[in-house]
Structure formats: structure tokens, C-alpha cells
Amino acid sequence: MNRLQLRALLEEVRSGSLTPEAAQDRLLQFLRQAPFEDLGFARVDHHRNTRQGFPEVVFGQGKTPAQIAAIAQRIADAGQSLLVTRSDQSAYDAILAILPGARFHELARSITWDAGNVPRGRGTIAIAAAGTADLPVAEEAAVTAELMGNTIERIYDVGVAGLHRLLAEHSRLTSARVIIVAAGMEGALPSVVAGLVDVPVVAVPTSIGYGASFGGLTALLAMLNSCAIGVSVVNIDNGFGAAAIASAINHLD
Amino acid sequence: MNRLQLRALLEEVRSGSLTPEAAQDRLLQFLRQAPFEDLGFARVDHHRNTRQGFPEVVFGQGKTPAQIAAIAQRIADAGQSLLVTRSDQSAYDAILAILPGARFHELARSITWDAGNVPRGRGTIAIAAAGTADLPVAEEAAVTAELMGNTIERIYDVGVAGLHRLLAEHSRLTSARVIIVAAGMEGALPSVVAGLVDVPVVAVPTSIGYGASFGGLTALLAMLNSCAIGVSVVNIDNGFGAAAIASAINHLD
Amino acid sequence: MNRLQLRALLEEVRSGSLTPEAAQDRLLQFLRQAPFEDLGFARVDHHRNTRQGFPEVVFGQGKTPAQIAAIAQRIADAGQSLLVTRSDQSAYDAILAILPGARFHELARSITWDAGNVPRGRGTIAIAAAGTADLPVAEEAAVTAELMGNTIERIYDVGVAGLHRLLAEHSRLTSARVIIVAAGMEGALPSVVAGLVDVPVVAVPTSIGYGASFGGLTALLAMLNSCAIGVSVVNIDNGFGAAAIASAINHLD
Amino acid sequence: MNRLQLRALLEEVRSGSLTPEAAQDRLLQFLRQAPFEDLGFARVDHHRNTRQGFPEVVFGQGKTPAQIAAIAQRIADAGQSLLVTRSDQSAYDAILAILPGARFHELARSITWDAGNVPRGRGTIAIAAAGTADLPVAEEAAVTAELMGNTIERIYDVGVAGLHRLLAEHSRLTSARVIIVAAGMEGALPSVVAGLVDVPVVAVPTSIGYGASFGGLTALLAMLNSCAIGVSVVNIDNGFGAAAIASAINHLD
Amino acid sequence: MNRLQLRALLEEVRSGSLTPEAAQDRLLQFLRQAPFEDLGFARVDHHRNTRQGFPEVVFGQGKTPAQIAAIAQRIADAGQSLLVTRSDQSAYDAILAILPGARFHELARSITWDAGNVPRGRGTIAIAAAGTADLPVAEEAAVTAELMGNTIERIYDVGVAGLHRLLAEHSRLTSARVIIVAAGMEGALPSVVAGLVDVPVVAVPTSIGYGASFGGLTALLAMLNSCAIGVSVVNIDNGFGAAAIASAINHLD
Amino acid sequence: MNRLQLRALLEEVRSGSLTPEAAQDRLLQFLRQAPFEDLGFARVDHHRNTRQGFPEVVFGQGKTPAQIAAIAQRIADAGQSLLVTRSDQSAYDAILAILPGARFHELARSITWDAGNVPRGRGTIAIAAAGTADLPVAEEAAVTAELMGNTIERIYDVGVAGLHRLLAEHSRLTSARVIIVAAGMEGALPSVVAGLVDVPVVAVPTSIGYGASFGGLTALLAMLNSCAIGVSVVNIDNGFGAAAIASAINHLD
Amino acid sequence: MNRLQLRALLEEVRSGSLTPEAAQDRLLQFLRQAPFEDLGFARVDHHRNTRQGFPEVVFGQGKTPAQIAAIAQRIADAGQSLLVTRSDQSAYDAILAILPGARFHELARSITWDAGNVPRGRGTIAIAAAGTADLPVAEEAAVTAELMGNTIERIYDVGVAGLHRLLAEHSRLTSARVIIVAAGMEGALPSVVAGLVDVPVVAVPTSIGYGASFGGLTALLAMLNSCAIGVSVVNIDNGFGAAAIASAINHLD
Amino acid sequence: MNRLQLRALLEEVRSGSLTPEAAQDRLLQFLRQAPFEDLGFARVDHHRNTRQGFPEVVFGQGKTPAQIAAIAQRIADAGQSLLVTRSDQSAYDAILAILPGARFHELARSITWDAGNVPRGRGTIAIAAAGTADLPVAEEAAVTAELMGNTIERIYDVGVAGLHRLLAEHSRLTSARVIIVAAGMEGALPSVVAGLVDVPVVAVPTSIGYGASFGGLTALLAMLNSCAIGVSVVNIDNGFGAAAIASAINHLD
């Protein structure tokens, strides 16, 4: 029941074609069963894609190319942007047959199709990565953030064991509106970066490492215990999630 | 060596009273040893308190009232705002003798003294808490965020087992620029809140619970695995840290 | 807005004293802000205490006697049953001044006041405990279940290292409608009990043990891995929770 | 020794063909060695399948198609229902040659053969799942519960990040006699569901997620720490176990 | 029903005063309900104390002196040996009033009273401890083993960082029938000892250590992973349990 | 330097062909550098295989058939028994070419070749296993113990969820001199078995299970926390180690 | 900006062709943005390879032969030594086409190419390994240390369960300047070795073991808790890291 | 048996007063039983204190002042240096009565008495600490290293969130022969320091932090996963151990 239907019902009551009792029954019936989505109001607030042109996101891992292509078809019909994360060439081939403009970002393991209707963020999102092995996660963040309408600065291979590389990027870091930092192993980079800037830092632990890195757990714990102010953390290897948060921050008026 | 000293050195070179060789030696000597702080430039960028009136923060736990009072004295002399977290009445008594305007926030276990020079954030920070036992953490966040110049909306006792209480606060949530969510036990509230809004959500796991809550670890893990978009996480019981991030977001132009 | 208010509004529309436009605005306004609780319908379904006479439960740990007594006062005014878990003598003294009929269950560390309006469960809830050290948890379950209107059978000190004691209670176990089993250390009792009966078994790991019992974690894990069919598990030491589930099962028609 | 043999022995004593001393020896000998099963009594109580038509359950993982088929043959001879969990097409092919009526439930990775002698449960078991990735576990529960004689309501894709989808199913949830809730990642759904109903909720954590989901551990811990009343938990991905418990509850008189 | 009662019943059958039918009913009735303990047979086999003079063991921790004394009274009446572990002086004082011959072993935190009826083990139990901090656990083992009728060899302060001390005790180690080895920190001593002998080694991890010793967990894990043949392990700090096993081995014919 | 060499040296001293100074130098030189093994004494004590006919044990996992065959060749030359654990058919084929009498135990994944010189143990080793999935570990123990000269009683499929099967084996359990118990999942069987007997129980956790069994960790922890007296534990899936301990116990005079 | 450029700038100031104001601006501009590396000073201190001829190290795991060969090409051009760890034959084949003198160390899974310009360490680095399964890690350390200019003593298969083998190597151990000790399972060897010497011991836990070795975690924890003085620890399987530390120690004047 | 006794025995053989057979028996008897310590050779090598004047170290925690004083008395008699770690004022008072020259280092919680016979290390040991809360551990290291004859450079409060403070100490860091780095929380400092120098870095995680710092575990894991070359790690809060290693390195010729 949307605004129009509600109005129609009330008009019927006024005209006498519907008794108040019957109208009450229909309203209660509706309120008990209908999803918020059907109301035509309220739901707008949390429909990110409606308001921000936020892309449809598909977690590609565990899905067949055919399944992913089917979702892409639905996207094509709805004219919305598409993002497939944790994907590969075979999924891309299947999508390309449907969405000729789709792009495959190999390092990011992501497929995108840009509907061109995403509002732009206000500033720049810097994405720092500690080592070259962290790039798949950093690039997942980069591809995501770009599709969400943000300008990106890539600052890669600036691990804390070679501070001069990081310090050389000082001005690019300080000119960003929000910074994503991806690091594995000891996960120290977010602390160092957050000490150099005063904008929010979104830390992404990566599963890079071996032995006592425990698949990224060490980096995750280190980032949660950052001695620097301004660091918040997302799940291990969650480049997409970090980008979504950074984009939300960057789209704030 | 600050700007004035650098300028004086260069003037000496121009006047001929200092040879380029000697000037080079003094510059290199300085660059090798001096802390960035002494340069009088560059450091400004990451001196949060200089730029934002960010308060001096003291982690009170494990410090004696006398130690905390000594720090407060230094704050008083510098004319900067003061925040003492994880503190108590005895520390407050010691501070009050020095800073008559200091306030003790019992539930937040925090002491503040406002120097009145903090720039205001742009919007509102909503602070949601799942249960009454989470209030010390939520209040630490609230007191911190207020001292940092933010307007706060407290939305307490809205745990997921009673959704109607949370849904009743829908409009207050959606009108915030950034939301802090504190929850212990299963830590589900941030996921639900993030599903209702499209602004950044900073999740704070609390150590509330027993048995398999493992001192907040369960809530922490749950928040890191949020199925909702837009949730980043800080350390267990780190109300201060959440507020600092939210304030940084809220102060973005 | 409840049924009566909704009806009144619709009557106003019919009578023409309220235009459909104005009625629509008021309805939308209400739907956006009002808690489900205010609707006067729907919420009834999950108000356990309204329907079942389910007692108000207070987790006493960390609350002062004064705080607990204040809650008790509210209960007294509402004429509802009261249960305070993780409590002690001092809290009981404070409550007794307000609710003369309140009882203190020392072993269960619980205080109860029975409003006498709880519907009776259909069958019997058997509560088995492995050792005498598990009795505080078992008794918390027993006190809770009794207050919720259930008949209880206590089957204590039937640990798996002395099977004959357990087998001697076979008929009492099989005559129950649902069984709560509390055990610490290796947590094996629920598996053995579930192998002897065909009713649901709610397992409660206790924190009894030392060393590699890790505060009940070992018992918890063991119960989750039960090779017997019909075992579900609650949190460590959560006698209350087990009883609430068992009571819900026992109140099913 | 069964009832007949015991009776024969006692007849011999009466007739004098056996002295009381010899009879005592034979009885003691029997009591020391014989399995309960041979007694012909007592065992009935915990033979679930005898009493409830409970199917024979085979954990298919790690067994060859030939091994599974051999068990199926024995089932066919005994005329009992068959359930094979964690199975695949090749096992199904092998079974089909023996049990033509067997069915393969691909999503549930389960094979069933219904002997048609299972008593019906009293009410409905609702099975809620947070996301599409949780469906294999939810379907294992569904297939199991159906084979055990229960009517099922599937309520899928109702994760907590989109509350409206869940709330739209409110009436289906409240009309169930017991609810199974499967969720991975942060495992929040059981808490939210249990807050909406007053029937028992059996929570099944799934291994869906990555990084700090630790193969379902996070969801498991979250469910054990549920702030809602009425939630008990089974092992990770244990759809079968959840269904067995729900069926036991649903078969209570 | 004991042997005498069974015999009486059978005599009644022979005499005709009881029909076989009635006798069968009484026997079945008894078999369904009676605990094995009441049978007067079978139980003998696992009544360790009856056969071996095994002492009654009380885990003193968490029990009041009065409770412990009450148990001691029962022991005194039954003429059985008494062992109280994890105890202290106040419990000893309470026991001494009842059992004048009781002894307090301060380092072992144990109280014993020897009824004098324990059969002797065949050989010697050597008890090795890595450091002086491990002695409370080692002495709990020693006191237990002695009360259980074993001859003890104490080999203390022979940690692996000073091999010569251990090697100097080679002959005492090789002359034992079974060896208990207590060690904390890295828990390496059992591996080294087991490499020097060919008798069973019972390893007891102790909670001695700090930081990454995690309350004995590191020592426990190390012992479970011993590269030496012949090492089995008991719970952290479980000196009693190790002694019980060693005594059982030492009492084998 | 062996006994003969030492004697020769001393003879030289007596004959005057070697001065005491030179003899002293050679002895010190030898003592500093030579391995104990070369001494020809001392080593006897911890050469288990020399004294007990203990087989050479090869951990087959990660070794190529060629490597394993090479070791088998050395065994053949030395006339000692051979045990290869964690092995397969291809390794067996390679060994069979060298040791025609070698046997492959498929379920135990072990290869044996019996040199026929192992002393017999005194009694029987019972090996109990909870489920059929635990048999590979139980059989590894069985094959090992038999090769070490012990008589074995297999008591399989006696999990605690069906107590009657276990109780039916009571007499076989009590007639053993030592019992090995293998179980996965909740690992409860050793506690129940140890409550029925008074001989040592060696518990072997198996990695059988899924989800929160964590590869056998749950069973391991449960066994370490056994409430029954007489249980010691070895590493997960370590059937060989359990058998070696049981054999050592069974070979005690 | 390097020394020459700085000097040129200062000369311009002296000559009057550049005003002090402009010079100040250029200097500040440079100091804000330039990487330390460009300064031409300071960087020397932490360029290990420049000063010590330290080889370029490539972590081979996860890199294609082509990628590794490309790096090798760059090394060949720079005339620096090359070390590829965690590598294999196919990577070696690719490198061999570019660097004919490259060597493949199969057991160490490492490829080296020695530029011949590494300064020699002062003493010997002993590398002890507990078992043959630890050799890949020990050999990675050995190959690394040799390429870094150190003399190596391999002391393998000296696990603590056979002390005589270790003691036989006493003089080789004591003659080393620093000792690397690799061990898996219970990780006890570093403690025993450190008790025999007074030089630094670098402990490397290996992932050798199964069950409760948890991929090397047990060995890691044991080494961190060493009761011997002088043991420090690196990550699991980190033979390279241990060698780098030992080499740094061995190169100290 | 020492060198003199061995020589005397050999002289007896030469003189004929002892037969070779009898000499052989006595030598074998000695070799079997005597501890290495009694040999009078070999042991010298690992008697650190004999060779290096290494102090006697007492772990004060859990020892009474009287016990500690008794050990101090023995030290006084032997003329050796004394170090008591994890101690307090009351222990110091007890020691002062015996060793008037003893000193109490309050921040380090350590007591020292310097016998004045410790050889000096060759260079300087720098001790860096991240925050003021880490100073007790850093000072334990400092006090230990000084008593062991080393020159110390304290570089405190140089956490990675304020890089300029650390970079300002660059020259002091690079002039050290070995560096100890103490840090809690995310434990990032050792990585950053090791990137700036080429000498060995001994990392000490501290238990400073809260929530997900898990008592220093996070810092420990981070340090073990350092991306910088040259970092080895000791146990949490083990300032003493770090100093002993650094001193051993600093005493290398």
C-alpha cells in the first residue's frame, strides 16, 4: 500500500463508499503483513542505491558464471551500476555477453559496469597499502570506491619498515578527505598513517603473511589496538567494505 | 630550527657573513638530528589539537590522582581542553583543586575541562546503546564527542531483542551525520542500525556479558562480520576512540 | 495510536470534520515515528509477560541493592512476578522491605516474588546436574522454571563417571517433557542423557573446572559437538536461559 | 535373556528342575554381561526410531557411494525411512538403483527415502535463513524436518540488515510452534527473531563468511550470547541437528 | 535388591509361595528402576576404594572448613582414608578436631588421614619437577601417591635449561616403575625424561609462567606434542590426577 | 669409544706404552666430544628397541614411497620390526618389493613387518572407539599394540549416546590391563569408561566432527577435563602414541 | 634535492640571484614533499644492502616464474646478490635463463645468486634442527646465512628425546658465535641448547606436527616461554628471518 | 671425579696398584651416575655467571621477603651480583638489612646489588619504549642490562603515532650495537625501528592495552609478524629476558 492507495482509501471513507470499520480492518491488515518496502515512504531512507546510485554488489565467490550473469541481466534491466567482487575471468566472459561495457579488474578480482548515475563524492579517498601482496585488497577498495563516485589516490608499497617511502607521500595523504589503509603481517601501517593526518582512517587487515599471522588475525588485532587516534577497522580482506564506508564519509555534505 | 631561524640563516648567506659551505653543513646537521616538531612547519598538519582544539586525552586507569592532577596543571597553563577517561572521584577531587570548572561524568567515568576553543562539528552524532549495562561506554563516547565540539543524540536501551524500541527512534537515527553504536553480548545492534541508515556507523563492542562473551570478544567479532554496509569497528569498550572518529567525520567540511 | 484512536480518525474522515489529506498526513506521521508498541496490536505477540505471566527478570550482577529494590517497587506496582538472578543477601534485604513475600534462594543466588498469575506448563521439567559444584546453575534454572509455572524434578549428582547413579534415575528422566542438563568439566552428561530419552534436552555448560576447562569453554564445546540427537545449548552458567527455553517448550499446547 | 527366557527360568525354579542357587547364578551372570538391548525392555524408551518413525540418519561425508548404498539396502529391508546428509549426486545414483523412490535434494545436499510411517508433528516449524548462502544449511534442516513428519514454513533471505523483509514475515513467524534460524557472519538473526515471538528458537550458526568469521565461530558465539530469551544453539552448519530438536518439540503432546 | 533378596525371591518361587509371573514382574520392576549400586554386585568392579583402599578425595577449593569437616566425619565413621586437595590451614584445623591423626601438607595444599588399609604398589613412582615453583603441583602428586600406597622418589629442580642436574638423576629415573613429570613454562621436561627411560611418563603441565604461558596452556600443548614416546598428559595443575594414574599403573600385577 | 677400546687404553697404561698424561688427554677428549651412543654403555637404558624389540616407527605422511622403502631396507638388514603410520597403498607396494612379509592395514593406514622378536605383554589391551569414523585412529593403535607384542580386544562403536552398547561390553573392559579409548566430537567416552574400570585409561581424541569440533580440539579438551579418575591423554589422532604408552604399561612386570 | 642541489641553491643566495625569501620557499616546499630517499643523506644508514652487500630477498610464494625472473633481471643489472625463498624448480628454470650462475637449493626451497660482494661475518653460525622434517626450515636459514657471508655449522636431527645426539655436538655448539635452533612439535630444543651455551640463540618454530601442534603454534609458544636465558624467537617457519638476525649478530664488530 | 682424580686413577693403573679391569669398572660407574657438574670440565662452558659475572637472577613474584632475603644472603657469601625482578619495597627492606649496598629500582620493580666483577659489553644497548605505560618493562630491561655490564641509552615515549619523536632519535638508535624495543597495544614500534637500523632488534611485547590487546598477545603476534628484517621476540613483559639476550650480543668479541 503506497501513498496513493492510502489516499484512495481515505477518499472512499469520506465519500461513504467505505465504512470506517472496514477501513480500519484493511489498515490493520496491511500494517500486520506488509513489508516496509511496500509503504512507499520510510524505506526510501535506507535504500542506499536509490538515493546514492550505490551499485548492486555481488559477492562472486561460490557463484557460477551463469548465476552471476543472471544477476547482471537484472542489473542491466534496472539501469543500475554493478559490482562483482571475488570474481574471475570466466564470470567476466559471461557478463560481457550481456553488458558489453563491463570491465574486469584483474588485480582487484572485480567486475564493474557503470550506469553513469552515481553522485560524486566531495573530496579524495587515499588508499594506502603496505606491500605489493596487499594490492588485491587495496584494488578491491579502489575499484569499489571509484564505482561509487569517488576520486582515488593510490599510495602503494609504503610499509612501515621503510618509513621514507611513506613520508614521501605525506602531502598526498594529508590532502585526502578519508584514507583507507590495507596491511597484512603486523598491521602497523594504519597507526603510522593516522599519526600523520587528522582525517578518518579506515583500516583493512589483509590475510597476507604466514605462521603466526593466522590468516590476517594478527593484523586485525593490531589495528584494533592502534595507539593512534582516528582508526576504525573492517573485516580481514574486506576491501569492499572499507570503500563503502570511505565513500559514505566522502559523500557527507 | 623554525621558519625564522631558517630565514636568518639564508640572510646570513646573502650578506656573505656565512659561506654556502657552512650553511650547507648547518642545514644537513639540522636535518639529520632535529625532530620534525622543531621545524616549525609540516608538523602542523598532524597536530590535531592545534588545529581542531582537540582536547588532551589522559587514560586515567593506573595513574594516581596526583599524577593526573599534574597533567591537569599543564593543561591549565596551556589553555587547552582536558579529557580524563577511565577515572574516578578521587582523581576528580585532585583536579578540582586546580581546575575549578572541571566536571566529573560519573557514568562515563570521565573528567572534562572545556577550554572553550573547540570548533563545532557540522551535524549531529547519534549514540545508540543496546542495554543499560553498555551505558558507561556509550557515555564515554558522548562526553568525548561533546568536548570535541559535537552535538549529541543519545538513543539508549534499543537492543535488537525489542525491535520496536529501535524502530521508534528511526527518525533520530536518520537525521544524524554519523552514528556510534555500543553493544555487548552478541553485538548485533550495529548491523541492524546500519541497515536503517546510509551514514557511517562506528561500532563499539562492550565487555558486557558473561561466559562465551569472552570479555567483549564475541561482540567484537560479530561487528567485524556485519552483513550491513557501512560498519567499522574499534576496540572493546573504546568509547573514546569511537567518539574521536565520529568527531573527525563530523568536522569534515 | 491504538485501535480506538485509529477508529476515531476514520470516523472524523467520514463525518467530513477531517479531510483525507489531513488524515493521510497524520497517519504517515504516526507510521514514521511511533513505536510498534504504541500501535495497540502486533506488539502483543511478543510481549511474553503479558501473555504468559512471564516474570520480569533482573540480572543482579553489578547492580546495587538500591537499584534492584527500585525495580522491585515497579514490579510491585504492576503486579507482575519478579526474578532477580546473580544476586545476594543484601539485595534480598532491600527487596524484602518492599515485597514482604519475596524469597531468597541462596544456592541459586536468586530472589523471587510470585504474583500468582503465571499459567502452568503441561508436563514436568527435569533438571539434571553432573556434580554438586554445578548446583548453583542448576538451581538458578530450577527457581526460574518454577516461577514460570513449571513442575520440576531435580536429578542431581549424576555425573558420567558413575553411570549407575544416572541409570537409577531413568524413569524420572523419561517421564519429563523437557530436560535441562547442567555440567562443567568435560560436559558429557547431556550426550548421555539425550541417548536415554526422546524429549528435547537443553544443555547448560557450567564454569566448574580448572586449567583446560577455560571457564566452561570446554564443556560448552563438548555440548555443541554432542553425538546424541536432541541437544541444544545455551551460554555458560546460563541457568536462567535454559529454564526460559524449557518453560517455553513446556507451555506449548 | 528376554522376557520369555526369564519366565522359563522362573518356571524351572518352580518346577524344581532348577535350584534357587543355580538360578541366582544364572541371573547374576546375565546381569553382569548382557547388554540392555538383549533384555527386551527398557531399551524401548530410547529407541527413537521405533517409537517415532525417526529416520535412519547417515552422515554422508567421507563415505563412498557403495558404502552409502549398502546402508540404504539395509534400510530398505527394514522398511524404515532414510536420510543421508552431506551427500552428492554420485551417492544418489547408487541409492536410486536400490530405492527407486529415493529423492535427491541438491541444495540441501541430502538424500531421502520416505517409508511413510512417520507420525505427524502438531504444528508448523518455521525455518528462517539470513542470506542465500545459508540455504544449504537451512534446506538440510527443512528436508530433515519434513522427513520427520513436520510441516515447514521457509522464510529465507531475511537478514537483519534489511529489517523490513523480516518484519513482513511476522505473522508466519508467530504462527509457528518452533522456529529454526540459520545465519552466518555476525549471527544476529536468532536474537531479532526471538524478540518477535514467544516460541522456542533453535539457532544454527553457518560457516558463511570470511576473515574473522572463523568458519562460523563468530556466528556461534553471537548466538550463545543472545540478549533475547528463548534461543538455544547447535553446532555450526548442523541443520540436521536443529531439525531433530525442532521435530522433537513439535511432536510433544 | 541384593544377593540375599534375590535368593529369597527365588526360594519363594521354588516353595510355590510366589508364582513365576509375580516373580517376573518384581524382577522386571527392579531392573527398570534400581540403581546398579543397589544390586550388591557389578558395582564392586568400579568401586576403586573398596578394592584398592583408594582414599576418598575432596576437592577443597570453594568449600568451607565446616563442609570439609563434615565430610571428614563421614570418612572417620567409614574407616576410609581421606585426601583433601586445594585446601588450607583453616580446613585442617576443622578436620583436626575430628581426625586427630590428620596431617597438613602445606606445600601440597593437601590434608590427609591414612586409614592404614591401602594395598602397596609394586614399584616406585618417581616425581620430577622442573622448577621450585612447580613444587605445589608435584607435592600434591606426591602426597596423593603416598596415601594410595606407593613409594615415592622426589627429583626436583631438574629443568631442561640445566641438563646436568637431570642427567645426574638418571639412575633414580630408570629405577622407577612409572614417572610423573611436572613442568610449567615451555613444558619440555617430560619429553627429555621420556627419552631417557622406557616406563610410562605421566606429564602434568603447571600454571607456572607469565605472558604467553597462558596459565599453563603452553606447557599443556607442548606435552601433548611430545616427540618422545611414552608421554600422556593430564589437566593443568592436576597433580592429584597424575598420581591416581601412576598409582593405578603401579598397582597392576 | 666402547668398552673394548676403553679396556685397551687402560691396558696400554698398565703396560707403560701410554703415559697417564696421554691417557688422561685422550679420555677427556673423548668425553667432551663423543656421543653417548659411542660409549657402548648408558645408551642401553633408553634404547627401547634394543630391550623390548620395539619396532622402528616411520611417520609416513610427507614421505615418498621411495624414501619409505629405503628405510624399510635398513630395517630388513637390521632384522628389526617395522611400523609405518599414516601411509598408503603406494608405499606398501614399494615396501613389498623389499620385505615380502610386510602387511598393509588399510583402515589403520599402516604398514607392518614383524621381525618376530618382540617380548609379549602381560595382559590384554582393550581398545574402545566411539564411532565408526574413529576406527582409523583406533586401528592405528591396534596395529601398533599388536606389533609391540600385545593381545588386543577391539570394542568398537560404543559411543555414549547409546550406553547399552557400552555396558554390554563391561566384562571385556574390566578384564583388560589397560584401555585405550578413541573418540571425536564431544570426547565423552573416556570419562564413562574410566568410571566403569580401575585400570589406566589412555584417551585419544580424534579429529572426527565438524564446526565447533575444531579438528579434535573439543574432544582433546573434554578428555583433559575428565571427571573420572584414571584418564590421561595423548595428541589428537595419535593412535600410535596411545598404543606405545599402553604397551609400556602392559609390559611392566 | 641532494647535496649538490642544496649547495647550488645556497650559492645562488650568496650571488644574489636568489633572494632569501625565494630560497626559504623552495626549501620548505622540498622538506614538505620530498622523500628521505631523495635527500642523499640519512638513507645510507638503513640501506642494509648498500652497506653489507645484503642480498635482495624475494618471497617466492604466490609469484609466477615470470614475475620472479623479472626481479632477477633487475638484480642482474644492479649486480646485487639474489635470494628467492619459498620457491620451486619452475622458478629456478626461469631464473637460470637470465642468471646462469644461479643455484637451486631444493630442500631449502630457495634460489640464490651470489654477486660475490658480501662482507664475511666474524664467527660461525650453528644451525640446529630437531628432526629431519624440520630441515626445509633449517636449510632456508642455512642458505640465507651463507649468502649473507657467514660460515655455517649444520647440527641436524638432535631432538630432545635423544639427548645423547645433542650432547655429542656440544663442542660444535659452544664454538659458534650465534645459534639458530629450528624445532616443531613441542619446540623444546632451543631451551636445552641455550642451557648448554652462552651465546645468543635464535629460535625458529616449525609447522611440523599434527593435531594440537596447531601449525607450529605450540612450538612457538613453548619457545617464547623458554626457561633458559638467551632465547629469542621469530615467526613459524621463518628460517630466512632467523638467518638475517644471526647474520646481523655475526657481522657486529 | 675431576681431572685430579682421573689422573690419580690412571697413575694407579700405571703403577699396577689398580688393574685395568677395576679401573674400567670405576670409570664406567662414574660415567653412568655422575652429573656433568662433577666432572670438573665441560660444565665451565655453560656456567654463564662464572665466565661473565652474570648476576644471580631471582623471579621475585610469589616469593616472601624472607625467602628473597635468604637468597640474597647466599649471594653475599658468594660475592656475586644479585638481581631480583618483579619485586617490591618490602623485599627491598629485607635485603637491605643484609646487603647495605643494594638498590631498589621502583619503576623497574627490581632490586640489584652489584658485586663489581662484571665484564663490560663492547657497545651501547639502546632501549626504546612506545609509551610511558611500557616503562616498567623497559626499565626492567635497563636495570638488568646495566647490572650485566652494559652502557644503556633510554629512548622513551617514541610510539609510532608520533613518528617525529622517533625520527628525532635516529642517531642514538643507529649508534647502538643492539636495540631493545618495548611496546604494548598494536606492537608496531619494533618494525619501524628495525627499518631504520641494521643492528639486531630484540622486541618485548608488553601487556599494556585493554580489550582486544588480550594481555599483550596482540603486541606479541604483531612483533612475530614484523615486515622488517632483524626482529626477534621474547615473552610478554619479559624485560629481563630481552636484556639478557642484548647483553649476550653486546659481549660478543
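What to note about this one:
A, B, C, D, E, F, G and H are the chain letters, set down in written order, and residue numbers restart from 1 in every chain.
Keep in mind that, in the parts below, a contact is a pair of C-beta atoms (placed from the backbone, for glycine too) under 8 Å apart; a residue touches a chain by one contact, two chains touch by 3 or more.
Bear in mind the structure is a predicted one, so any value in this text is a computation, not a measurement.
The fewest steps needed to get from subunit E to subunit H, moving only between touching chains, is 1. The interface at E-H recurs elsewhere; of C-D, B-H or F-H, the pair that shares more than half of its residue-numbered contact pairs is B-H. Separating the CA-averaged centres of subunit A and subunit H is a span of 51 Å. Averaged C-alpha coordinates put the centre of subunit A at 25 Å from the centre of subunit B. Distance between chain centres (mean CA atoms), subunit A to subunit F: 56 Å.
Distance from the subunit F centre to the subunit G centre is 39 Å, each centre being the mean of its Cα atoms. Residue positions 32, 42, 163, 167, 170, 195-196, 211-213, 217, 220, 224-225, 229, 235 of subunit B are each in touch with at least two other chains. Pairs of chains that satisfy the touch definition comprise A-B, A-C, A-D, A-G, A-H, B-C, B-D, B-G, B-H, C-D, C-E, C-F, D-E, D-F, E-F, E-G, E-H, F-G, F-H, G-H.
In the complex of the two chains, the subunit G residues touching subunit A come out as 32-38, 43, 46, 59, 61-62, 205, 207, 215-217, 220, 235-238. Against subunit F, the residues of subunit G that register as touching in their complex are 133, 162-165, 167-168, 170-171, 210-213. Interface of subunit E with subunit D (complex): residues 3, 6-7, 10-11, 13-14, 16, 19-21, 23-24, 27-28, 31-32, 39, 41-42.
On subunit A, the positions that touch subunit H within their shared complex are 130-131, 159-163, 167, 185-188, 191-192, 194-196, 209, 211-214, 217-219, 221-229. Of all the residues in subunit B, the ones that touch subunit A in their complex are 42, 45-46, 48, 51-52, 54, 57, 122-123, 170, 174, 177-178, 195-200, 202, 220, 224-225, 229-235, 241-242, 244-245, 248-249, 252-253.
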